[in-house]
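Once you scroll down, you'll see the structures, which are given as structure tokens.
You will see chain A twice below: alongside chain B first, and alongside chain C after that.
The block that comes next holds the complex of A and B.
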């Protein structure tokens, strides 16, 4: 099951050129671009691992593509996303986020039903990948 | 090149038009006007610009696909305008579309080489990333390589540089600068660099007359002028300064002028007893230049004298 998170996730995988164009858009708007990776694809997992520092003072997006490729060398079997952080007053938040790398096999999610008091059912989801310990997910 | 542009490959190219259009003409004219002397450098830049223009036209017609190697090395004595020319080159390459942003990142050994194991690679990469889309200017590049210390981290920086220079040729242009003799030795011990650099440009020393016009331009930029005596004193100053140690061409001139302005301010402060007009405030006289220790034999003589006095 293909993970649909962030921008462009219903499109085919972005090429390096696409990534560059998007990152350049973010840079031209004055947003700091950073690269993050994780092997825990749960939608509520907002704390992905940072790959280096956010790039605050790089005027050209080639540096972002370079870092994405460096990250792919090390974490090619995990999810990698590119973020654009807007530091201007009033926003101080993420403006863009898109996945640029995903594992070859995405096992998807299952529904977990928990029986509560009074026959109440609580629903949640869990990634099948999460059954394996950290580092052993996605082969 | 996108699909649309590919569909309409031009059949002929008007080089003169693209010369006008790309703004290369303006950069070259600016180069001619703002930089005194440096005839061989200007010639090389013009040739390079012509080559790139033709290459761009060839690419538009689909005759060439490879990005030409644009890495350069600037060799010459201190103060001969290497950084200034690098700025112009960055602008030129940007207008020709060989670099996307056209900014210049100036670094020295300290910015590339780390202090301890594992510090160099991230540091060098950080600088390279900053320079992507523009020109990376490595001043006194020969310091990167220190043969006397085999555990020096400079070698690591060199390896990363070479790798990026080769693999990310579309993304950045590297300009190495330094004194001629030391750069030659640097290239000898790092043959990888020599072969990856296509353009070796040598900066000649300025002649006395060129330095005089540089002095006048520098003063004019700050709204100062020489009077007759000041001009003559400056001519003599240049002749004498040249043979003394640590002569750094235009940079020495700039420092001399800074000191002359200091002396002028002092003179005005001590001697004036009425209102001063604009001419008085902006004239450098003979006395301001003559007070320099260059006329008394320079730094060494000065120091020796002070020691005998003490």
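The block that comes next holds the complex of A and C.
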């Protein structure tokens, strides 16, 4: 399967130049860009690992591409995403999020059904990769 | 002889039994400056032939506040000057003979805090049937900060909705399940699964899907949640389906909402026809239960569409932001349902902005501060398709749910293909806009390029390439943009 999170997961994988233009759009809007990675792609995993702080005061998207590639060197077998944070009043959250790196194999998720009373079912979604301990997934 | 348009100040004359003009009773005060805490209403009034516009405006002020048809001495037991609404300005409507804009100010103490029912009982109560008027329309309202702060506002709001869904930087995508009536629960869930797996974020019950012989509500909820969870696992995304909990009684709605919650749904839905109090109750329930609340504006066109009579949708939008819904349909500009671009922009601004400055060209007559109330997500649905993506993104922006019902389910190669076509078109257009391309003019090229690696998109573009709905709007702003009003 292909993880469809983020703004551009239905498009072909982004090139470094694509990453640069999108990051520059964020910077031009006054948003701080940051790089995060994870080996737990559950749709409700809010907290991917931070590859350093959001790049406040960075005017040049080339620096974002540089950090993405640095992160790839260490975590190239995991998911890596680029985020843009907007600190303005009334938003104070994420404005952009797109995946820039994926594991070679994406095993996807399974649905676990717990049958309850009546026909009620409690659903749980589990990443197949999560059966391995942290660090050993997608290796 | 008393002046017809002047308040009678001599108490003895003012309160002698009998009938007098509303303006004489004190409902017309041309020198009045509204207080920051006043509620202001702007009415479009069409007086009967021979009825003076100022007297008609005073009558509207009177009938929507303290007055009755004759003088009553019991006024003198109250601070009646304070409680009388005051018409303070009457302007002829540009290019519309016999119609006038009447500005009326109401003291805040006339209203119970936090109650749309109470506000509307005054402002659109008896007054709309008042005989001396041929027609009456509530065009806009200014809601003072002190009053706004007495309302909960949207249960979730745009920002937290995005955080819960884990979707940023692009419009959300949805589709209403079709045919809207007749599918069994099992077949209905099939449509939900295909559409969500194909790339939509949401599917939606239609307004009149409640609990009918062909599909009772529990069946629908159970099959839909199976579909939602399967699609979520297939894509690794949070998915939702608006489970319509509209029912005959509050008890029944709460029961359905609780069931939706117990199945793990992120969103429920209600119809405007359940009424303002029921909407506020469900908004409170949604806030208490971490639920996104979608409102389908079923029925609104009965009173929003005609320019001379009724209530403008911009006023309904303001009331719904106070009442606390998260989603509300607001027009597409380019689709099959009513809405010219300038008027629709006014609605969207009311949904999404912290502060609305006066913008007559968009039908916004007052500065409106939303006092940090959450923002509402506008929903665009009705006759839109992937080929219009550049227009939709330009007109409607990023914080909107684009709902392609026919444009998903009617795809020649199936529902999943339809959903994928819409999602690819959307992502390609957002990508191009961010990369600095002129999507308004290059939109068709951008879509064609994206279709090169996406067959479903190519098929969608070929199927619907010539579909447009180009009819004159029945409700457009009265003011063209001019330097004075657009600065």
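Going forward, the second predicted complex is superposed on the first by the 136 of 139 C-alpha atoms of A that agree within 3 Å, B and C clash if a C-alpha of one lies under 4 Å from a C-alpha of the other, contacts with A are read in each partner's own complex, and residues count from 1 in each chain.
In this text, a contact is a pair of C-beta atoms (placed from the backbone, for glycine too) under 8 Å apart; a residue touches a chain by one contact, two chains touch by 3 or more.
Since this is a predicted model, take the numbers as computed values, not measurements.
Applying the stated clash criterion after superposition on chain A shows that chain B and chain C can sit side by side.
Comparing chain C and chain B on the residues of chain A they touch gives the larger count to C. After the superposition on chain A, the angle chain B-chain A-chain C between C-alpha centres rounds to 100°, nearest 10.
Applying the stated contact rule after C-alpha superposition, one finds that A:130 touches neither chain B nor chain C. When the two complexes are overlaid on their common chain A, residue A:62 makes contact with chain B while staying clear of chain C. Look at A:21: by the touch rule set out above, it reaches chain C but stays clear of chain B.
Think of it this way: put the two complexes on top of each other by chain A, and the tightest Cα contact between chain B and chain C is 13 Å. Residues of chain A touching chain C in their complex: 1, 3-5, 7-12, 18, 21-22, 25, 41-44, 46, 83-84, 89-98, 108-111, 119-123, 125, 127.
Across the interface of their complex, chain A is touched by residues 159, 162-163, 166, 168-170, 199, 222, 225-226, 229-230, 232-238, 262-264, 354, 372, 375, 420, 423-424, 427-428, 430-431, 434-436, 450, 453-454 of chain C. Considering their complex, residues 52, 55, 57-63, 66-67 of chain A touch chain B. Considering their complex, residues 100-101, 103, 122, 128-130, 132-134, 168, 170-172 of chain B touch chain A.
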